[in-house]
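Encoded as C-alpha cells, the structure appears first; notes follow it.
By written order: A, B, C and D. Residues from 1 in each chain.
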Amino acid sequence: MTKTDDLGAWWRTSIIDMEPGRIAIRGTPIEELIGTVSFPQMIWLMTRGDLPESAQAQLLEAALVAGVDHGPQAPSIAAARMAATCGLGLNNVMATGVNMLGDVHGGAGEQCAELLFDISARVDCGADPEKAVADVLSAWRDTHGKIIPGFGHRFHKPVDPRAPRLMALVRDAAQAGTVSGRFAEIGEAVQTRIGADRGAPIAMNIDGATAVIFCELGFPPPLARGLFCLSRSVGILSHGWEQMQQGGRNKGPMPPGYLPHYDAPDEDA
Amino acid sequence: MTKTDDLGAWWRTSIIDMEPGRIAIRGTPIEELIGTVSFPQMIWLMTRGDLPESAQAQLLEAALVAGVDHGPQAPSIAAARMAATCGLGLNNVMATGVNMLGDVHGGAGEQCAELLFDISARVDCGADPEKAVADVLSAWRDTHGKIIPGFGHRFHKPVDPRAPRLMALVRDAAQAGTVSGRFAEIGEAVQTRIGADRGAPIAMNIDGATAVIFCELGFPPPLARGLFCLSRSVGILSHGWEQMQQGGRNKGPMPPGYLPHYDAPDEDA
Amino acid sequence: MTKTDDLGAWWRTSIIDMEPGRIAIRGTPIEELIGTVSFPQMIWLMTRGDLPESAQAQLLEAALVAGVDHGPQAPSIAAARMAATCGLGLNNVMATGVNMLGDVHGGAGEQCAELLFDISARVDCGADPEKAVADVLSAWRDTHGKIIPGFGHRFHKPVDPRAPRLMALVRDAAQAGTVSGRFAEIGEAVQTRIGADRGAPIAMNIDGATAVIFCELGFPPPLARGLFCLSRSVGILSHGWEQMQQGGRNKGPMPPGYLPHYDAPDEDA
Amino acid sequence: MTKTDDLGAWWRTSIIDMEPGRIAIRGTPIEELIGTVSFPQMIWLMTRGDLPESAQAQLLEAALVAGVDHGPQAPSIAAARMAATCGLGLNNVMATGVNMLGDVHGGAGEQCAELLFDISARVDCGADPEKAVADVLSAWRDTHGKIIPGFGHRFHKPVDPRAPRLMALVRDAAQAGTVSGRFAEIGEAVQTRIGADRGAPIAMNIDGATAVIFCELGFPPPLARGLFCLSRSVGILSHGWEQMQQGGRNKGPMPPGYLPHYDAPDEDA
C-alpha cells in the first residue's frame, strides 16, 4: 500500500459513493430516491443501510413527529431562541439548541432503550421475565439513582399525552405483524414494576414510548438519541425562526428587571 | 401590568401551548397529529402554522430527501466524523456538523431563494422578465462576485444529478396545479442567462432546485437554509454514527504521517 | 508537483511547525516560551506572529480581564449554565456559550474597531477629523440604525464602570509612549458627536473601550471579536462550572411554574 | 416566599454581583481588577473565588501557555479551520473547535488529575505509596484499557517537549514553597510504574504535566479540562483567523481530488 492508498482509506464510508455527476446512497442513485422514498424512509436508509417497509417507516414517522417540541421552557428551545437574538445564522441557532441535548436533556430515550434491550437479552438467556425487569431496574438505581429514564414526567402529570398515543400505534403495528410487540410488553412490565416499587402508579413518557418504538424497529440505543435530535431539530428551527421574526436583542432568560440572586460568600458563614 | 405579567410575556410563542397533560401544536393536540400527519407535514406546520396539502408536503419531502448527504469531503460531514472520534455524544456530534452550515456551506439555497423572490417581485412591479433577471444577477455580482448561488458545481460536472430530478418533480407539481411553476421558470431563465453571460452552459445545482421548490411552496428564504440544515442533519447523524462504529481516536483530516505545510515567514521574503 | 505534494499544501500554516519531539510556535521552540512569556504575550504571538513588548501586553491584558463576565442575564452565560444542567461536558458547555457571541452579542467591539479604523483612514487621506467622524457615523446609521456599537449601555446607566478604567489605562500608555493615543482621541470624538446628535451625553461602554485598545495595539477588527470571545470564555467556564456544582436538571430560563405566553392566532384577528 | 422571590432565586451565583453602573467580581469592583491583576489571576479568581499569589498564578500561566496549539492535525484545530471556510463568524469558528475537546481529545488532563488525586487520597488514608499507584493504575486499566491518560504520546516520541519544561517549573515552585511538590512526585511514580509494567520507559506528556500543576494548585479535575479548553481556544482562534486570511471555500479534510474510500456492502461478504 502506497502512502496515497493509505490516505484514501483514512476516511471510509459505506453510506455514500460519489463521482462527478453521480451520488449513490447505500448503492442507489440519489435521483431514484428523490420523490420516491419518504423522508423517514431516507432517515432509515441513511442510518441503517436498507429501506424499511412502509409500515415500519410509518411507526418511525410517528416517533419523529411526537418529539419535535416542548416549548421555550426546554433548555434546547430556550437556547435557540436566545441565540436568535444574538445575531446568529439559523444553522448556528440550530447547532446551539441541538448541542444541549446531552445525557440529561436528550439521553433518556437512549438510556431507556438500553434498559429494554438488557431485559430482553436476559429473558433470551432464560431469565424469568419479572425477575429480569426487577434486576435491571435495581442495577440502574444502584448506579444512577431513583429516576428511571422513560417513566414519569415532572410537568405532565398524571400523563404525558404523547406516550399513550405512541403506544397505541405500537400495539396496532404488532397486531398487523409489522413489529413483534415484545418491547411494548417489556415497557409495560417496567411501568408496572416501578409503580409497585414506589407504591403509586407511574406513566410512561415520550422517551419511554419512543424507546419502545426504536427497539421494536431494531435501532441500536445511541440512534434513539440521534433520532430524537433530528425530531427536536424541527422545534429548535421553528422557535429560532419565530424568535428572529419577533426580534429582540441579546435576550437573557428573564426580563432585564430581574437580576439573578447574588450568593455573597458570607451567606454561607 | 404587574412585574410578573411582564415576565410571562418575556417568552411568547404561537407554536406551542402547554399545560400539565396537554401539548397543542399550532392549536391541535399533539396526540391528534402523531400517526396522522407525515414528518414533512409536521415540519411545515411547525415552521409556518398551517398544515399543507398532501401534494405540497410531497414536494417538500423530495427536497428534504435530496440534501441529506454529500460525503466526508463536505466540511459538515467531516467535522461530525472527527467529533465522533473525540469522545462526543451524538447530540454534540450533530451540533458540530450543523454549526458548519454557514453562508458559504449552507447558505446558497437561502441566497438563491432571495434572488428568485427579487426577480419575481420586480416582474410583479412591471419589469420586463429578462431585464429583471439581468439586473438581479448584475446586482449580485457587484456585491458578491461571479459565483451565483444555486448554479454550477465544483465537483458535479456537467450536472448535479439531484437538480434535474427535483425540477422534474416541480414541473409535475405545476402541471397538477399544486404549485404555480413560476419560480421554476425564473430559475430556468436565470440558468439561461448565466450561461449566456459566461459563454458556456451552466447547470442548476441542488441549492438552486431546492430554492425553486421552497419558493414555489412559499417558504421565506431563511427557511431555505433551515430546511437544508434539517435535511443535512440526517447525513451528519449517519456519518457520525458510522464513525463511532468504526472507532478511531482524535482523527485529524489526514493520516498522522501527513504533516501540514509550514509556511516559514522568510518564505515570503 | 505530485498529488502528494498537493496534499501537503492543502493545510498550511505559519503558526506552528511540528515534528516528533519538536513544537515551534512562530519559529520558537515551545519550551522556550513556557514559563517565559505571559499568557497575553502568547495570545499576541499566536494571533499576530511576533512577541509584544511587556507594556503592550499589559494593555491587552487589561482588555482581556475586563470582559470576562456580565452575569447570568447575558445569553452567553445563561446558555452555558443551562447546558451544564443538560449533562454536557465542560467543553460542550463552553462551546455553547461562545457560539452565542454573534454580531449582536459579541460583535460590537469588532464593529466599533471598524468605525475607528475607518475614521482614522479618512483623516489619513486628508479629511477633516470632525467631518470624518460625522460621515462615518452617518454611514453607519444609514445601514444599521441608530445604535452605534461601543457607546451607551442598556443596563449600566449612566456609565459602564469598565470603560473609564480602560480608557485611563490607554491614556497612561499613550503618555508612556506604548501606544499613540490616536484611537483614544477618535473614540472620544465619536462619543462627543453622538452626544451632540442625540442632545444628551452618552458614555463609551466596554466594547468601545476595548475597541480603542485593540486599535491602538494594531489588531485587525475581527480579532476584536476573537479576543472578546477568549475573555468571555473565562466567565462562561466559571458559570458553567458553578452551575454544575449547584446541580439542577434541564433548567429552563424560568422556574417551572412560569409558562411562556401563548399567542393564539386569533389574538391577531 | 412569593412567586417572584422564587424567580429571583432561579439563577443564583457567587461569582458576580451587578447593578446599574456597578460590576463586582467575587466581591471586588471590576475597575479595581482591570489593569491590576493578570489574566491568569483573573481566571483563578473567577473559577475559584479568591486571588492567587503571584507565584501560583505564574505556574498556572505556564500551563495555559503550554497547551495553546497542536497544529491542524488536531481535530479541534482542523474543525476550526474548516469552519472558517464555511462562512462562520469567529465566535462560531471558536465554538466549533472547543466543542471537539471531549473525553478523548480534551479529557486526558481531567482524567489524569483524577488518578493523581485518587492516589494521593489513598496515601492519606494510610496506603503504601507504591501500592496506591499500582492499584489505581490497575483499576483504570480494568475499566478503560491500557492507555493511561497523561503518559506517552502517539506523535511526540520519545518525549513531548512541553512536559519536561513544565515539570521543571513545578520542581522550582516546590523548592520555593509555592506548591508542595507532592503531585509531581506522584506523577513521576506513575511514570515509573507504567514503564515497569510495559517493560519500556514512557514519558509524561502535556496532559500529565498540566494535571500535576492543576493538582498542585488545588484545582478540581473538571477544571483541568476547562482550563485546557481556555488554553486551546487561543490556538483555535489563531488558526481560524489564519484560515480566514488564506481564504478557501468549504474546505474538506483533503484536496478535492482525494475521495473517501467507499466500502461497498459486498466487500464484507
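Quick note on the criterion: contacts are C-beta pairs under 8 Å (C-beta built on N, C-alpha and C of every residue); 3 or more make two chains touch, one makes a residue touch a chain.
Just so it is clear, the structure is predicted and the values come from calculations on it, not from any experiment.
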Q. Looking at the contacts, which chains touch chain A and chain D alike?
A. B, C
**Q.** Chain pair with more C-beta contacts, B-C versus C-D
**A.** C-D
(Q) How many angstrom lie between the centres of chain C and chain D, each centre taken as the mean Cα position? (A) 23
Q. Roughly how many whole angstrom separate the Cα centroids of chain A and chain C?
A. 36
Q | Between chain C and chain B, distance of the C-alpha-averaged centres to the nearest whole Å | A | 31
Q: For chain C, write out the residues touching at least two other chains, lowest number first.
A: 3, 7, 10-14, 16, 18, 71-73, 78, 88, 92, 95-96, 99-103, 106-107, 155, 251, 253-254, 258-260
(Q) Based on which chains touch which, is the overall arrangement a line, ring, star, complete graph, or other? (A) complete
Q. Which part of chain B faces chain A closely enough to touch in the complex?
A. 3, 6-7, 10-16, 18, 20-23, 25, 29-31, 33-35, 37-40, 42-43, 46-47, 58, 61-62, 64-66, 68-73, 78, 81, 89-92, 94-96, 98-103, 106-107, 155-162, 164-166, 169, 222-223, 225-227, 229-230, 233-235, 237-242, 244, 246, 251, 254-255, 257-258
Q. If you look only at chain C, which of its residues touch chain B in the complex?
A. 7-14, 16-19, 26-27, 49, 88, 92, 99, 253-254, 258-265
**Q.** Residue ranges of chain D in contact with chain B within the complex
**A.** 3-4, 7, 71-76, 78-79, 82-83, 85-88, 92, 95-96, 99-107, 154-155, 249-254, 256, 259-260
